[in-house]
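Have a look at the structure that comes next, please.
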Amino acid sequence: MIRTIRLFLAAALVFAAFGVPVTQARAAGDTIVFGSAVSLTGSLTKEGHLTQEGYDFWKDYTNAHGGLKVGAKTYKVDIKYYDDESKPNTAQTLAERLIDQDKVDFLLGPYGSGTAFTVAGVAERKKIPMVEGNGAAEKIFNQGYKYTFGVLSPAKKYLQRVLEMAVNQKPRPQTLAISASSDAFSLEVQDGAVTWAQQHGLKVVYANKYPDGATDVSSVISAIKAANPDIILNAGHLQDAILVNKGLKEQNVQAKIIGYSVGPDTPDFVGTLGKDSEDIVGGAQWSEAVGYRGIPGFYRTAKEYADAFDKQFHHRPDYHDAESTAACLAFQYAIQKAGSLDREKVRDALASLSITTFFGLIKFDNRGLNVYKPMVVNQIQNGKLVTVFPAEIANAKLRYPIPVWGKR
Amino acid sequence: MQLVLQNLVNGILSGGILALVALGFSLVYGIMNIINLAHGAFLMLGAYITWQLWSTFGLDPILAVPIAFVVLFAFGYGIQRGVINRVVRAPVLATFLLTFALSLLIETTALFVWTGDTRGVQTAYTGANFTLLGVTVPWAKLLTLVVALAITGILYLWLHRSRLGRAIRATSMDVGAAQMVGVRVAHVYGITYALGAGLAAAAGALLTLSYPLTPTMGDPFLIKGFVVCVLGGLGSVEGALVGGLVYGIVSSFATQFDVTIAGQHLSGTGLQDVLALVVLLVVLIVRPTGLVGRATA
Amino acid sequence: MVAVPKPRRGAITGKRWVFLVSLGLMAGLLFVPAGHSDYLNLTFRNILMYAAMSYGWNLIGGYTGYISFGNVAFFGIGAYCSAVLSKAGVDNLFADVGLALIVNALFAVAVGLPILRLRGHYFGIATLGVALGLTDLASNLDFLGGSGGASIKQIGEAHFTTYYYAMWAVTLACMIATFFIARSKLGYAFVAIRENEEAAQVLGISPTRYKVTAWAIGAMMGGAAGAVFGAANGFIDPPTAFAVDNNVFPIAMAILGGMGTASGPFIGALLLSGANELLQQHFLKLHALFFGGIIVLMILFLPRGLMYLVGLRGGMRRWLSDLAVFRV
Amino acid sequence: MLRIENVGMRFGGLWALKDVSFEVERGTILGLIGPNGSGKTTMMNVISGVYKPSEGEVQYAGRRIADVPTHDVCHLGIARTFQVVKPFANLTVRENVGVGAMYGRLGAKRSARDAFARTDELLEFVGLARVAGRPASDLTIPDRKRLEVAKALALDPEILLLDEVMAGLNASEVDEALHLLRTVNERGVTLIVVEHLMKAIMSISQRIVVLAEGKKIAEGLPQDVTSSPAVIEAYLGARYVKRQAAERERKAAAPPAEPPA
């Protein structure tokens, strides 16, 4: 018995060491295979799930419409997923596996700046184009990489837009307090907002960072309350937005505008906070209200996109869904423009891409970042997310100044 | 001055819940020498049970506390009798790794059951507050603290007065002797672990009032509970309470400090956990068994 | 470090053939780059990295019996050494590893002298506190790049292979060092402290001195792995440097392989990482369930780790009776 | 070579030792006896540096033991055994003794190889060679006692403190043990022996120190000490002594039989 077990163990060992099977998933001939490591477990599960929805929606649409025409040939598309467990190091290994083992043609980005950053490094080394829609930290694009493209506006812009809107309100707000979670993305958001505020005559009365993954922010709230600002912003993720919002109400902190970088746009925000989410604003990459008219080849307006999406997934798409779909669209048009699946040609096509889609303008600067598409500002009104800025696309008027807690 | 008072209150309120989180962890650790890495997962389960009762039946989270406690108590008892007891006398790291794996199983299962969506509970008193001497006190957190203290008090009395409680304490001091006087160790261990799980669930239930729910929500609390239970003194009810309050107050006051040394800006808010951990290290070095620990703990 | 003559099945030194098998597997791993797959390179480099960290932990946790939950601190410091050097314009793996060894040894002694006075769990939590504290501290120090992290210049074109071999060499060094330390006077001092600190003291062993020594050598092992990782990764930030996985996995590998043995960490790393990799590849969402399940079964049936099975005399019956000891 | 001067040891409010003084000559065997709780083991702990005395001092070769860290006491040449044996349970017998040979008085000069060579001699000498490769946890009680002695001897002591190494042994085993100790002594090691077995200690000791309730109540040659009324009183109680004294007056008899252990 023991001998058998020993033999078995020895065999298992050898297998583990050398037997990692080499799979060959690369599409035979008529399928283009994209690869993506998304967070299906771990702390970013929700966002990873949204990312996957956005990708799958494009894939299903494309295949249902006969596939992707490249030159004379039409291809089906497929996406190979792995779970990165919300960990950058795992995402890196998985990207290598997608390329080396699964022989995918192109990479779609993971969710989050941390994971996108490590995967971008892999894409660069392997010279495989990656388009991502969920990593907004500029550090990803400041490495001189040539193969990574982000369809979304950079982190610094997330809350700038909110301030831009705020200074045009009457009475004009004078002071700003902005806290941030201590992670790369959020600190860039904070930095962008603080710089903009200083340039435009807003006094920054509080700017500080709290530990990443904090479980209690009540003392940060107390400090903000003591500073008595007109505008309160927080740069962080969904959890942070919820914690800060609860804290503001608990300590009865009033302001003319309260906004978060990430959070209000996710349906979970309203679901979790109920009526306390009312009147909160958030910087968003996209909303259903945007009035872009895209070029043919996919749903051309946000409305059409959102309705079709709702039909398939039974919920309205938020901007995470949209920007993920947009990443696929960048590939679609670039591949068609290149007329080839050659990675270099597709990369060059991406670099010179300039198209309008339901998501907005997709065009990359020389770092690969889409600095051309503007952010929008959303506000939660009567439990619904409405777009309040910029005025030309807004489908509701900003409530300003927001009512005191308990009067919403 | 007002900010100082406010931060004191903030610290006490956040420390109270940390104390409850640490309490169950500390019992299991101190009595059975199990570093229960599934504690965070139990907390998460307690929170989800509470959320489920609230969203399905509209039950108030405070009323859900006993239900979450009982459910996890039974679950914890089953896990200890069915799984952990088989290797409970192995070197401490075996159970350490076992509970790590259990937490993986529980968290992944929760992901399938409740999905990764962020959830929350809203009550009539969510965010309600009152002001006393210029200090704003949120009712929900005060209620949380009161319930946490009540549970701590009941547990203390139960451990010292009841027959089973005494058996648990006796077992923690000397397993062999306890066995000789007729204590059924397997059962006592089951009850102890069940208590730990139940207390984690109670903490999770209370946390729904102030904290969003995800399947991984327990992780940061597990780590804080780990630190807090040693800060106060392992395996003691008073220790968890003192440890939680010290941790809460230190990290709360830390936010008031901001210094720049040689061009390096050090934000007390960013370093609040570091300062709490420095306090932990100093306490351990000066009093190697925690603030209220016994020499034999 | 003279090998002991006629090792009559010493409890410390373990089986020589197991170690030879491990060395053989290590030699086999030399050929991974021949597969021309960056994926395999990266995967096995990570396995080697975990093994090296596991060896570092094994010296203090496995041999000396002081369970540390903070050895990731050394890995992180090592990685940051590479970043600091790169910032200063020095991009040389030997310099990276050299600096990591020195800084970690000094740090380990400075931290070890006070906290190694603590016994048992109190020591464990103190180490956890150190690791957690360093994570947040690194996020707040500008010269280390703060939360944004720091880049490390990569060397040359064929660097992926170079870094692989560098990690291989570090791991081999850890493995061989452990083997010889275990058979040297030093190793006997460590184990004596683990078995009974008072009794060891009476036999002339200064607990403080040898605990700090074990802790510091382990720190150097973790630090060397960290330095190579930092250089290979090209970038380091606090969550990467002090990742929870980097703290838990090395411990898990040492336990499952066999604590206090010269082959256990390596075998454990191969098995655990191999299992994780295969599961992740085949089960998109369920892999974590299976991974957890495998660990549960291993602990229930092999709580002493795989090396126990190697040394087992007396077959199934002895195995079951040994297991029964742990039950209540 | 070893001087104990007015040593007092207090635990809380209780004096476990009070004002004890005696000396041990090089190469001799000193027996330390006394009823239970008389402070014998405390005395051993003070001499071996485990406890720092509250009063007085212990001097060995001109150095105060209290100034020497516990792990350096054996480097001075003092070794001891423990009443409650403390083997390294997971190590083999050979490894257990080997650790002593590596880190004892002459350990610094030895390689691991030399230390094991010395170990093998010692195992032969104490009669443990047959179980050298077994884990210490497998040993029988007498073998554990032997292991304890072997570990102490591995430190190459000049003076060896033996705390009840013969407890639990049968008559023939005691004889073997006595033979062993005599041989050790003949090789130049000074011995301090704490033992309950009167017969054994009387036969081996050259001088005896008697403790009772933390105080030294007698010191001298074995036969003198046993006839001391203070000693008899300590062991058997005051009434017995009175009765004995009355009887002695009447009969002027020989010293009483050996007090029971």
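Letters A, B, C and D name the chains as they come in the text, with residue numbers starting at 1 for each one.
Please note the rule applied: a contact is a pair of C-beta atoms (placed from the backbone, for glycine too) under 8 Å apart; a residue touches a chain by one contact, two chains touch by 3 or more.
Everything numeric in this text was worked out from a predicted model, so none of it was measured.
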Contacts common to chain B and chain D (chain labels): C
Selected interface, C-D versus B-C, where C-beta contact pairs are more numerous: B-C
Chain occupying the most central position, where position means C-alpha average: C
Approximate Å spacing (C-alpha centroids) for the pair chain B, chain C: 30
Rounded Å distance between chain C and chain D, as computed from the means of their C-alpha atoms: 44
Computed distance of Cα centres, chain C from chain A, in Å: 36
Whole-Å separation of chain centres (CA-atom averages), chain A against chain D: 76
Residues of chain C touching at least two other chains: 136, 139-140, 285, 288
Set of chain B residues in contact with two or more other chains: 107-108, 111, 267, 270, 273
Contacts with two or more other chains, residues of chain D listed in rising order: none
Inter-chain touch pairs (all): A-B, A-C, B-C, C-D
Chain A partner contacts - residues on chain B that touch it in the complex: 2-3, 6-7, 10-11, 13-14, 107-108, 111, 115-120, 122, 126-127, 129, 131, 136, 138, 140-141, 210-216, 219-221, 224, 248, 251-256, 258, 267, 269-270, 272-273
Chain C partner contacts - residues on chain D that touch it in the complex: 48, 50, 69-75, 79-80, 82, 86-92, 94-95, 98-100, 102-105, 107, 111-113, 115-117, 132-133, 135, 151, 154-155
Chain C residues within the chain A interface of the complex: 25, 28-29, 37-40, 42-43, 46, 136, 139-140, 146-149, 151, 160, 233-235, 237, 239-240, 243, 245, 267, 270-271, 273-275, 277-278, 280-281, 284-285, 287-288, 306, 309-310, 312, 315-316, 319
Residues of chain C touching chain D in the complex: 1-5, 8-12, 183-185, 188-189, 191-192, 195-196, 198-207
Residues of chain A defined as touching chain C within the complex: 1-2, 5-6, 9, 12-13, 15-18, 20-21, 23, 40-41, 81-83, 85, 87-90, 92-94, 96-97, 99-101, 114, 117-118, 121-122, 125-126, 139, 143, 182-184, 187-188, 209, 211-212
